[in-house]
Amino acid sequence: MITRSPEFIWNAWHVAALANEVAGDALFARRLLDVPVLIYRKQGSGEAVAMLDRCPHRFAYLSKGLRKGDEVECIYHGLRFGADGRCTHSPYQDAPPPGADVQTFPLVEKHRMLWIWLGDADKADPSAIPDHSHMDRDDMRPLLWHYHFNGNWQLGNDNLMELTHLFFLHTSTIGGWKEEPGKVPGEVYTARSDEQGRVLSRTFVPNIPEHGTFDNGVPHGTPFDQWNDTVWEAPANMRFTMGAVPAGDDPASCRQPYMEQTHCITPETATTSHYFSGFTRIIELERDAAGDQQFIDFFSGIFAREDGPIMEDIEAQMSSHDLLAHNPVVLPRDKGAILVRRLVAQRIAAEQG
Amino acid sequence: MITRSPEFIWNAWHVAALANEVAGDALFARRLLDVPVLIYRKQGSGEAVAMLDRCPHRFAYLSKGLRKGDEVECIYHGLRFGADGRCTHSPYQDAPPPGADVQTFPLVEKHRMLWIWLGDADKADPSAIPDHSHMDRDDMRPLLWHYHFNGNWQLGNDNLMELTHLFFLHTSTIGGWKEEPGKVPGEVYTARSDEQGRVLSRTFVPNIPEHGTFDNGVPHGTPFDQWNDTVWEAPANMRFTMGAVPAGDDPASCRQPYMEQTHCITPETATTSHYFSGFTRIIELERDAAGDQQFIDFFSGIFAREDGPIMEDIEAQMSSHDLLAHNPVVLPRDKGAILVRRLVAQRIAAEQG
Amino acid sequence: MITRSPEFIWNAWHVAALANEVAGDALFARRLLDVPVLIYRKQGSGEAVAMLDRCPHRFAYLSKGLRKGDEVECIYHGLRFGADGRCTHSPYQDAPPPGADVQTFPLVEKHRMLWIWLGDADKADPSAIPDHSHMDRDDMRPLLWHYHFNGNWQLGNDNLMELTHLFFLHTSTIGGWKEEPGKVPGEVYTARSDEQGRVLSRTFVPNIPEHGTFDNGVPHGTPFDQWNDTVWEAPANMRFTMGAVPAGDDPASCRQPYMEQTHCITPETATTSHYFSGFTRIIELERDAAGDQQFIDFFSGIFAREDGPIMEDIEAQMSSHDLLAHNPVVLPRDKGAILVRRLVAQRIAAEQG
């Protein structure tokens, strides 16, 4: 029933929603990999389940139906389905008709997110969910939110694997610090793939005179060395670990990261995307809910005005979603992004046979 | 000039408009089967005519032109056409140029509607117009109106041939009565096709304790048996005849239907449709024009909020308009709708050769 | 990098903008022949340059970047480009990377317009720019403005090569004069192509009793003979020269045209167009800037309400942009428009091989 578009990686965990987006008895609808998905929580256990958001009778969205306990009744002609997708009741006959079950999808709640597997269900191994465990720590304040942009999901990989855009696109908001004339900071930039199919990159910037958007724990007034380690896992999971020490100190002396970030992108359609973003920061643990919302609003505004439009522009400029086929200029800092592009292309080619 | 899309049945009468939509000297434009059509009434006789809404010179819409008596002058360069489609005048030469006539279409006013034939004109037999003569009776109050929905026209057949959706989609408006737990009423449901290519279905519900939306003439307080006989004719003409008797009485003792309904759907494009709907009811004959409008507004509101959106949803969920190719679950009450789908598919296949 | 759509003529000068649309340090963006183009003026000389509006790195629009002197810095990752398209600076390395230059286009400022050549650059001969030198005369008051319409660019040729639409489409604004019953004026209409591939047409109307929208210099109260000579040059350049003499006088006695007009259309996409229009008129030389704006507003309003909608209508009515393939009725006054259609088709066929 689902057509597996070659725009996407199917046999992988994708973030379907933030855990707190699916609350109470609500029937939550979201298009993922161009598949309409219904997600809701069972009563009592609160376990979240996912199924195709399409009644097998006349194809109404089940998410527009009525919830009856843990079952969903189709709004159009009243077929009912259990949380396991089984048709449990037909108003027109004694037993539910054969062949009326709805396709369900493996769904796992982990790291404050709901992870869905839309490919071959028998390959769905929860232990393969990427590590964003910093979201689970008690000693850091987790914060997660949801963006949407009008561009192919791989543009999100490109954007996040090349953070130098902070010094140009975000120069008036979060990327204010930049040497003149037009040289980006970062004495050391490395990127490589590992045997697990991940891409690892590091940006190390020595001797920074003053703090930027985030406090990094080094006393104010002391110059510092700062770094960002990025781990990318297919299809579009990125985790940043950021640390700092007083300038010249051994980086190993850094007790713990001052911030970790999660960035996960899930295709909505081939040309639109969901983007789940989150931070944990040791420094500002004391912030309250109002402060959290202010923080989310600040970043959402930047994304809406700076990143979102440029991804929409690039979507319009590309005749296909295959960046490498467009023969782009490749810069030294592109190494991570290009490695990611190649790994994604390999995964898609392998899946599509 | 007209491409006969296989989405439609061409050699059939379709409702082009309600008779009262085309009034006075107005040039009325409507897209039907993806063909732009101009309709207007001749002066004096009031006879309505239909022609292709496209000047043969530079393809301007003739409906944007000027009416000159019974002729239409193109707004762009001034060619004039008679009600018979003949080019009668060119501002640039003594006689109208050859080959400048506009295609006309057979149009018949009957049962308070204008019926158009967009297929082979020589096959247009007015006696084949479906019977909606209840609209012509003096002893019933006719009421007709026009809806529009964003979905393929066959979704209208599906919707109206499966009236059980009243008990789910319309539960808060006109479908309030329903047994628990989730069984639809109707002891007897039958559906069959006849030798004339019609589909006939009957729903008989015994022993109903109280009146619903419409008074059926049985004294209040008396339980009653009630039925709805549906006659479908291609492409999308449905007539409902509704009757009632005190519970247990011989249905043949029913003096006359308490209500008849007309439902006709005409494709606008492959994905949008016109829907002409009407009622006659013996019971409320005394209602006045303000009451009529209130009634139309009530039903239009229901359609706009309940039927229209679900047809738009289903349109979005289907990769083609061939329901049966989607392998839907078939329920006992689908018999009429499925018979209609098959007959339509046969007609289209026969026309397309 | 640019795909040469067969909807357009590539090896030709097109108007990219009015000269006064590109002012100061602004980065001016416009889509032309479906190519995103950046235009700006160099400091000091004010010379206007044009280049592909797409960074070769990640395809952001350069027009959204920052101007640094005569260079443009990409907003996304900071590559810089000179007015000659050369990549001058990369923030990530000592020298700009090879292969990072941006395609530029020949651009010439002439007759108060900026002319661009998007085809083979080595064929761009500025002396082939069509003559609109009336815009350069000191003794006439030039006025130019810009329209946009939702239709293929060739509909603009059709519209302007058949000015009889003034007497129908514009009857309530600028085309008020018309004989009854429905004969257009103009005793003599001729059209021919010449050896330079131009189309020349003349409309001569004798013995007009009173002035229309424009004063033609003949004393009021004196009947006059009036004519319009049109010169069309590919792809869509039209120049009108209008003259008048007292009725019966030798046209050669006309000292000078009372008005000349420029009409140039440049495709934006296959279905949308830019239209640059301008007048010079000897009679109203004394008009001031406020009067000019009033004049532009008057004509823009007419275009927006009368010409624009009809071109949008015709765009919707045509299944392709090849008018002749639609087998239109051809009228005597179509001769110029049909000659233009044929010449354009020949040019496109020759370019596409």
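A, B and C label the chains in the order they appear, each numbered from 1.
Keep this in mind: a contact is a pair of C-beta atoms (placed from the backbone, for glycine too) under 8 Å apart; a residue touches a chain by one contact, two chains touch by 3 or more.
For clarity, every value in this text was computed on a predicted model and none was experimentally measured.
Student: Rotation angle, subunit B onto subunit C: superpose the C-alpha atoms of these two copies and give the value as a multiple of 5 degrees.
Tutor: 120
Student: Copies subunit A, subunit B: same or different interface, half of numbers shared as the threshold?
Tutor: different
Student: Rounded to the nearest whole Å, what is the centre-to-centre distance of subunit A and subunit B, using the mean of the C-alpha atoms as each centre?
Tutor: 48
Student: Using the touch rule from the top of the page, what residues of subunit B touch 2 or more other chains?
Tutor: Residues: none.
Student: Would you mind writing out the residues of subunit A in touch with subunit B in their complex?
Tutor: Residue list for subunit A touching subunit B: 3, 36, 54, 56-61, 64, 73-80, 87, 89-93, 97, 99-100.
Student: Along subunit A, where are the residues that touch subunit C in the complex?
Tutor: Interface residues on subunit A, with respect to subunit C: 158, 162, 164-165, 167-169, 182-184, 310, 313-314, 317-319, 326, 328-333.
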